[in-house]
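Following are the structures in question.
First chain A sits with chain B, and in the next complex the same chain sits with chain C.
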Partner chain A sequence: MFITGIGRTKFGILDKSLPEMLYEAMQKTLQDSPLKIEDIDAVVISNFLAGPTTSQLHLGSLVTSLLPGTNLPAFRVEAACASGGTAVYMAGSLLSDYENIMVLGGEKLTGQMNKKIYKNIAMAGDLLRDQKEGLIFPAQYALVAAKYLKKFGLPPEDLALVSRKNYFNASKNPLAHFNYRDLTADAICSSPHICHPLKLFDCCPISDGAAGLIVSRNSLSQRDIEILGRGAATDAISISQRKDFTGFSAARCAAKRAYDAADIEPADIDLAEVHDCFSVAEVIAMEDLSFCRKGEAMDLIRSGETSLSGRLPVNTDGGLLADGHPVGATGIAQICEIVRQLRGEAGERQVSRPEIGLTHNVGGVGGTAVVHIMRRCI
Partner chain B sequence: MFITGIGRTKFGILDKSLPEMLYEAMQKTLQDSPLKIEDIDAVVISNFLAGPTTSQLHLGSLVTSLLPGTNLPAFRVEAACASGGTAVYMAGSLLSDYENIMVLGGEKLTGQMNKKIYKNIAMAGDLLRDQKEGLIFPAQYALVAAKYLKKFGLPPEDLALVSRKNYFNASKNPLAHFNYRDLTADAICSSPHICHPLKLFDCCPISDGAAGLIVSRNSLSQRDIEILGRGAATDAISISQRKDFTGFSAARCAAKRAYDAADIEPADIDLAEVHDCFSVAEVIAMEDLSFCRKGEAMDLIRSGETSLSGRLPVNTDGGLLADGHPVGATGIAQICEIVRQLRGEAGERQVSRPEIGLTHNVGGVGGTAVVHIMRRCI
Partner chain C sequence: MKYCCQDCGREWDYPVLVCVFCGGVVSKVDISRYVVDEVVSVNVPSEDHPLIPYYVLMLKDSDGSYHFQKSFQRHNIGDIVNVCRSLQKTYTIGIVGTGITGKGIAEVALLSGSRIVWKSRSRSALINAIEVLFKKLSKRMSPDEAEALLENITTTTEWEPLSASDFVIESITEDLYVKRDTFRILDQICPLHVVLATNTSSLQISRISEGLLHPERVAGLHFFNPIARMQLVEIVRGKKTTDETIDKCRALVASLNKVDVVVADTPGFIVNRLLFVMINTACRMLDEGVAEVEDIDRAMKLGANYPMGPFELADLIGLDLCLEIIRNLHESSQGREYEASLALKKLVSAGCLGRKTGRGFYQYP
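Up next, the complex of A and B:
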């Protein structure tokens, strides 16, 4: 299967509704692709919170309102922050029934509805075990970070290296939520505490935005990017139900399934987009994806190997931390970035001739994980 | 593809949480099937409103909490009241990647959260065009009913024939929400107005419940039911965006796709479960499924042909009107009923030796439609 078109909006605090953003992503995706809207056989929509935040469900039909008279099959998928990756995964399976499928994802999280946004985002956690205990996601990931740092004897300041890299990358991405080119590790470490050991710049922002792509059964041009392998997995929803949470078994499973399907090794990956909702999540992702051994991810990051000019650039678009995290769009935007890099169209942040890229999209605190591995055709 | 196991809870006002109901449906489905939980390769979850009503999203991971240590891929699908049919449809496509897939759907709509339930259900309609105008679903379907009755010169009392049949059928279904064996057309016609011309008994109830089934790539036993053909389609979300709403183009499209895939004619169908969220919806379904010509559905119903002993029994379990409508479960329960009838296991409501059955599941006011056609193997 092949990705034959990509497109996305700017991420940030946008004065646009969800349908407006989805429409913009759809138009940009079609402009990027050799296909026309008449060639699209089905649509998969990724969204997390439009019900609770904007009182709008049934997005399959809503998107068809933007495409009058088409009667396209349209399916909405939700897997918390892994909704986007999950939607692309399911579109891959739907290729058994359709030739060309558009995947659209978006989220409207800022504005009037924002006052309840922390409560709404917490719906990705278990109602009884997490939400009612006040364990919103920054608190959950703070537990993960504290446990990880303690287990491997690392200072909290190390986490700033992840944020600094991703903010720098975002400064080369004109569509990113943030553009702070010169954010220093000192500034990150002296930013306000959100939940110890996580500071402000260890946490991704609340963003609006949308992204789209087209998956096709057959290749249409040399710009197409092949999906070599994919994997999806889940784990118990609450970290209180897990033996260990310094790594995520769902991510390890999804990665193994994707590597096996692609018949490649972790060492074959030239660049990756990983789910850095918090700085510590990128650290753990390096290990769950077998880019290094358990406990060694900080060494990898510290060495500069995951920076734009390193051996394995990670989150070249700025990641969730600095590109932003409009939840339903995120997993799709990760794939858009890999496609852009593999095509050699990433502008100022282009890395050197990558051949194989990987995306890693996570829902909750490792409750869902989806991994895609892609390769350029020429 | 084959259905190799079915199971469901009672529908009604239940003192059970959503996870409890999903667990019960899962257990019953496994008991009905030759498969064990270790044989299941993936799960698709159908749910409409757990976010807004019970503050619980990320149900893929939640279901995995019920299956410790499995790391199964699990995907939640939402398409308003067509969520269940859509989930089965997507499971069919996922068979290109997996051997045996469990589909689980459920909804918790009664109880504490119930005060906002009408507002929440309205999220299946367009925010600006429908919700903000106060067009909740009984009002929308009342417009459909008024227009249909006027166009074909029919009295509102005719609609009572649908409700009477479905309430009678539900009285033979021990798991149904209602058991009013002797509900007369007079009692239906003299029930309180909900929105003219729809009376209380023209409207389905708010139900809790869950249902499950397993779809398998290969047949496992003679009890299996083959899915011969399936179709999905959407239309603009608001009836204000349609030229005509005395029929649903999404349902006609989905039906045509399913008939074409199964390579059969409407006349080959021996029984059907159709989406009778309101009595008028069953009338329109008869025409959208080409069981009769436009404007002739009331003749078909009046003649008794769609009753249990008729040529084409419709909604043998009582339908949404009397079996109940726990939204995420509904489309799955429709398929469970067809499977039960085709196997000859429908007890008191068993119809005479049916070979081919059809389900028709609709979201919103015809915004999404999914049709499945099934046949027994022996």
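Up next, the complex of A and C:
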């Protein structure tokens, strides 16, 4: 299976509605692809919170409102922050029925009371175990961070390395939420605590945005990118129902399934987009994806190996931390970035001749994980 | 609470009956002893958790399973806690009176894991109060759990059992002399460490504690109805109330998952002093023909972002109580703004007391 077109909006605080953003992403995706709208056989739509936040559900039909008269089959996918990756995965599985599938994802989160948004995002956790006990999303990852730092004897300041790298990368991505900022270590470390040990710049922003791509059964041009392997997995929804707090078994399972399907080793990966909703999430992603051994991710990041010019550039678009996290779009945008890099179309942030790229999209605090491995068509 | 397969040992948090792995029978396991494994502080308010900072404790039970528990008190990793429905330091709270406020205090105290000694003059009032409480608790939990929680209440028609409390909260009629008698008895029977609190809304603490041997341990704890829903408690510092007593009151309020403000012993404290200027002024605007009831309410809701207008609120509080509070405030402050309006007096003398009688400024079906 191949990715034959990509497109996305800017991420950030946008004055556009969800349908407007989805339309823009769709239009850009079609511009990028040799396919026309008439060639699309089905749509998979990814979104997390349009229901509770903006009272809009039935998104499959909503998308068809943007495509008058087509009567396309359209399916909505929701898996919290992994909605995007899950939607692409589902589209891949639907290729037995359809030849070309448009995957669209988007989220409209700004323009609401923040308190309401924080509550809604917490819906990714268990209602009784997590939400009722006040375990909002940053608190979940603060727990992971506290456990991780303690287990490996690391200072909290180390986490700033992740934010710095990703903010730097975003400064080279004109569509990123924080495109204008090159963040100093001092600014990161002096930012206020959100949930100890996580500070403001350890947390991704609340963004609007949309992204799209087309998954096709057959390759249509030199610019197409092949999906070599993919894996999806889940785990108990509340982290309190697990035993391991310094890694996500769903991510490890999804990664193993993807590596096996692609028949490659972690060392074959040239660049990766990982789910850095919080700085610590990128750290544990390095280990869950077997890019290094348990407890060694911080060394990998500190050595600069995951920066744009390193051996394994990670989150070249700025990641969720600085590119932004319009939840339904995120997993799709990750794949768009890998496609762009593998094609050699990433502009200022282009890494040197990558062949194989990986995306890692996580829902909740490791409740869902989806991994895609892609290769440039040679 | 968890559910465990008797054959293969797998666990669930949900009341499943049969194990899907081995077909074994699943039964309920009760656990009450936990160790604090990790503490996360939360500095961001969200819709369901607006008060910050608060803490989320990760607790480990004796079987190695984990649970989260919200708390307003800091706990240390390694602390051992017994969980009822809360982890707060638990108190034995004496409550005198079985009215709406007494029942409300009993409800929040039980939910925060405290034990209660409940005193009333009549046995039947106590039986009735327990029944009401059972119905209230049953909305939040299963009848079994509610019943188990009610076992933390000792009822009494004697004064003596109250002496075993950490706090005694008096919530009886707003009559200085009746309250004084009550506190005289409490002062005699309760050891010195027991804080004696009154839920008065209009009387001065210093006058209630007049002539006691230990007025330094008397303070006001002013709750707001409906107590289970309203987050504020005004802690009133009498002239002789010590810092130690105030600190104890603040700890108690925190353990009830409420927020305190400390206020000097002045008429109406904070909330009533401000609120009844508005309610009484709204009533006087009616006297003067400034606007209709509905329009005044609408104006304050849409123009000042109040959740209820002054008349809706007055009807909810009860117009007789409103008039009594306004008169008390007038008596103690002589402020013109508390001269009771004609409209209010007329309604009260006509027996239209608000929601509870089906008619006040508005009619209720």
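Here are some notes:
Definition applied: the second predicted complex is superposed on the first by the 372 of 378 C-alpha atoms of A that agree within 3 Å, B and C clash if a C-alpha of one lies under 4 Å from a C-alpha of the other, contacts with A are read in each partner's own complex, and residues count from 1 in each chain.
The criterion applied here is as follows: a residue touches a chain if its C-beta (ideal position, glycine included) is under 8 Å from a C-beta of that chain, and two chains touch if they have at least 3 such contacts.
Everything numeric in this text was worked out from a predicted model, so none of it was measured.
When the shared chain is aligned, chain B and chain C each come close enough to touch A:Q241. Contacts of A:Q131 after superposition on the shared chain: both chain B and chain C are touched.
Using the contact criterion defined above for the overlaid structures, shared-chain residue A:H193 touches chain C, although it does not reach chain B. In the superposed pair of complexes, A:S96 makes contact with chain B only, with no contact to chain C. The larger set of touched chain A residues comes from B, when the choice is between chain B and chain C.
In the superposition on chain A, contact of A:A142 is made with chain C only, not with chain B.
Common to the chain B and chain C interfaces on chain A are residues 119, 122, 126, 131, 238, 241.
On chain A, the positions that touch chain C within their shared complex are 113, 115-116, 118-119, 122, 126, 128-136, 138-139, 142-143, 146-147, 192-196, 238-243. The part of chain B that touches chain A in the complex is made up of residues 42, 48-49, 51-52, 54-65, 68, 71-80, 86, 89-90, 92-97, 119-120, 122-127, 131, 232-238, 241, 249-250, 253, 363-364, 367-368. Of all residues in chain C, those touching chain A in their complex are 13, 38, 40-50, 54, 56, 58, 64-70.
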